[in-house]
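Below is one structure, written out as structure tokens; comments come after it.
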């Protein structure tokens, strides 16, 4: 379905070429200062057409709050938000009347729904993520206020060019400790904070752009100052919710938390994060953080960090041998220009989904702990 | 929370040392032939103590159906199932009164709930998965009957020893096409079907066992004959539900679908799965399957395959420098013997969670397509 | 929260004086012919200002579909709908800066949310029901197509003037069998089909209007051709879902299904509905229908009928002795003109909520029965 | 489905003649002192066979907690509870092999599920309510501790014999203010606290018992000390959740909150509850309580009171003319002895469902208010 969350719930609507896209954010606490200015920056960060590396479609994506605030403060009622679709160019996609685009959603949609959306991509379009980003911006503002939570995502690999993401690497952990959005955006459209690999990433993207091809990448995200105790022991482990959120993004192929797949190769004696006493806060902390800030499904107060794999974009301008809907062999060439690498644009979307997961779990935990606190001792 | 699923919903209860563990399966269609004999085999497959590679605790784990069937047929009402806990040995864990075990759930639980479960591990124990496996066995039987769905998981890596999991590798794809549970179990407790690496895996496990250490691994799972059209376009993409399900398992650190993280390095022109006409079934198929059987969040009829990373078990017998609950530095040594590699035991649990995801999505899609089929044309 | 339904889910937003009100309908099956023309009629029926009996505020309430359809057919994706708010007159309510209006939501909102909406009524406004009616119109169109379902509500009492609603009364049962929306609307704004009491009802409303007072009433609703088998045995009995839906409407005080409260006085021997064979459809039917079309929480194919009590409107123009927010005794007189009886306007809203309950239960049952039908016999 | 609640969620299983009935209570806050002794009393109160007025089946109904507590304190993990079925007498119901019992669930179940449960009544049996009562007892203990909430239900009418339930009647309001469970149980099995009508009620029940017939009644319930601010503005108004809960009980035909159906006859000027200043608590209260403690869907701190109509029991010992499953006219006489009035036994069940609604809404509101309290002012 098109809803996400239990107590802080976002429901989105809209496909690529309808009147508007948007969402309803239900369950936002009252009393939060909120205007379009809190939301627009992340929408702008996800916009295509911001550099020569990305697609030149120019989408203004101006959000309009419909309800749920008054005098710039949330009322506690649902927040309706819409972003009008302006740049309709269904003509660009007309060859898809004959061909299901390989590795796109055309074929599965028609099989699932029994009909074909004439417009490009329909609900599977990346425009659907606008509602998520708008909602995520609200979630993030709450998290900042309640615990100074910081969420920063960045590109950690493009194609075969990758930062060192080994959980036991001090440089990597240092980046997780300090990286800011300003730094991520400041280094140019590739959004990779690692000086050692960034230029090479740009070259890779340019190579595939020139070849009318595309290339995938990995976005890594860190959450700092996450309150301790978020997540549930069983089906709703915090990493399970994060994995769900991330794999619900278009073009994702993988998720790893903390040490991830590489962590399976580290023996327990080295992978375990020993406890140490944190003088400053007078509580336990872990000396290392292979766990990625979550143990037993529950946040432990350390940095939460995870990575999300984005495949190479399915829409490419070069010719592809494939078959038409009625089974005839043929050659499809998508018209128009297309993003050679969507990975950098995914950065604010990953942040948004992380914020949506966290704020919901935060509110659920508040319910439990506040009630427990009122019980007779 | 402790529920999973929308129309086919399982709710589990139980921790490691309470009277029983179990679950309620709600929404099972009526008319399914079902007795304990359909459920017990998978429970037995997940049992520890089956070989010298695994922990010697002997748990009988006999399931008792409480309700929801009559004369061996499901009624459509909730199916209550319990498995009694027999092997209580809380004494084994007594040092955990002083120490939160590193990378275990002890610390986060006490932070979340404000109290400490005296028994070992509490809700985060692997015994919690018994309810999942019991429910999954029912889900699987339904899937077999409605579309001959086959779900087979196996160990694809232990530590640094790994099968080739490259989506573009013909040998790997061939294993996905043909592997059976009998083959997986037939090769011994390590449950890896690849003759080339299995012996080495056993040696790795034995090495870490002898070192009182542990080592992680990867479980890969293939779903054959999945009906086309399962999964939702937005938040509930099929891979998102699978990722949620898998990361909700204890000790998991990562998930990848189809080409996974490696797929980010393959350019779109090679990663895209071209369509070809399938004469036999008179429908489109894809020539390759980098997508892993899901496109746009929806199953396309090809094999669904994914991998799940399991970290090295946190409980090891060797001494670990860490801190007590009250912040004093010390050395913890878990008593008893512990599984050096939990990965092989995870095989039936991964299968169970996959079945729970699929049957729920199948029923949701039935609702939609059956209703759509009744609309005026 | 602001969502209703499981597989056919509506989420609404909007309060009385924000930019727009609206909803997202998620889960609508694909292939339904749908334009604004299918939705507008019920929105128009709920509009105030249609007669001298009701409030003169003129709200155009034109619905605009944002997404989810293409060429007048639903895509299966979420249907976003908005209705702009045009008639902002917050000045009318300015005295509510000082006074919480008696039996309105002002006091409880400020207690719940910790802040006061400056506009009149906020989320508790009747304008919130616009989203429900828009969604209900879609639900109703589906129900008509899948089983020729007919849903007709009407006013059955105003103040002390009441139709005979005794389940055992043949005249009442005859009305339930035959009443149409055209008849309900054709008899004038009071929307009561009973010639014997209608004129008296009008007089009652006029009396209270002239006295700057208000009066309540009852809306009865019949659902004909409901498919057999909808509803669940336990918490989600069909009457429970209907009761939930109806009591979620503003100003409701009661719900009864079938024989209702009066039915508690009829002994089992007379209240039980004996079975008879229905030659025409070659199935069992009940001879009487005290059950109101639902038995054991599940529809039995007979007419479902229920009644909903609407209290006298809280907003009246006459002076009321009450207290200010800060506890001072005073006299409040609402400015403007107010509806002396909101009951007739509730008719399309009751129909909408009934349709939303039914379509969701219909889809859930399709999931179950379609899946059960595929099991091995 | 068989689950109820969002944050405090109960899932039940079991039908009348399976091995056990029970439930899982998920989301119970940790740190609550809880043993079987807290739960058993309400189970005992709902047991049949307690007087000559009710059915002589003797069910011990001893609850066994399976999980979720340790040393008599809740852990925060799911609480599994089972009650073994002991008194299997399916033979009593054997004639139902031929006949669907009139106004029972036999016919609708077979239509819905496509098969017939051989045992008496199946999931629609009153035994299903055992899980609800067990869960409700836990909910109630929490509510008592967090705000001294008191929930007391009692019989307010049997057949035509009724207490005065007019919201404006001082005697009725006085009963609501003061009635205790001890008083309700102390007056004998009819559980009506009104001395003026109780004896007559007993006579009515005896009359129908002797006639092998049954008679319905009304249960009224009051909730005192409900925290202010529970319930949601839109679909989840507190009265909507209560109505849902109550109409989900077997044999219910109606629900009314506060002034109820009678309230529709009271003009707004008299029905509105004026505000007055409450010196003691330094807050507003209402002078009257026609609203029944809920305004705009949200509790206002006054007594919440509502009534639930229970129809005459469908199972009667006298002969009934009806039809067999295959459509032949015939005469059915239920064997065994049957309760002439189930209404008094419903008292603890109504209390349980009220507690389940309240504790869930309480926890949801805690989430919101605790989070809002942390926002930057």
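Each chain carries a letter (A, B, C and D) given by its place in the written order, and its residues are counted from 1.
The rule is simple: a contact is a pair of C-beta atoms (placed from the backbone, for glycine too) under 8 Å apart; a residue touches a chain by one contact, two chains touch by 3 or more.
Nothing here was measured: the structure is a model prediction, and the numbers come from that model.
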A-B versus B-C: which interface comes out with more C-beta contact pairs? A-B
Looking at C-alpha means, what's the farthest chain from chain D? A
Distance-wise, how many Å sit between the C-alpha centres of chain A and chain C, to the nearest whole number? 39
Averaging over Cα atoms per chain, report the distance between chain A and chain B in Å. 25
Which integer distance in Å separates the CA centroid of chain B from that of chain C? 45
Listing for chain B: what residues touch at least two other chains? 1-3, 12, 27, 30-31, 76-77, 112-114, 122-123, 233, 369, 372
Touching chain C in the complex: which residues of chain B? 6-7, 27, 29-33, 76-77, 142, 145-147, 233, 362-364, 366-372, 374-377
Help me check something: in the complex, which residues belonging to chain C touch chain D? 1-4, 12, 99-100, 102-109, 111-114, 122-124, 128, 157, 159-160, 208, 211, 213-218, 228-229, 231-237, 239-248, 250, 252-261, 263-269, 271-277, 282-284, 286, 290-292, 294-301, 309-316, 318, 320-323, 325, 327-329, 343, 365, 369, 372
For chain A, which residues count as touching chain C in their complex? 1-3, 9, 11-15, 18-24, 26-27, 30-31, 64-68, 70-71, 73, 75-80, 82, 112-115, 117-119, 122-123
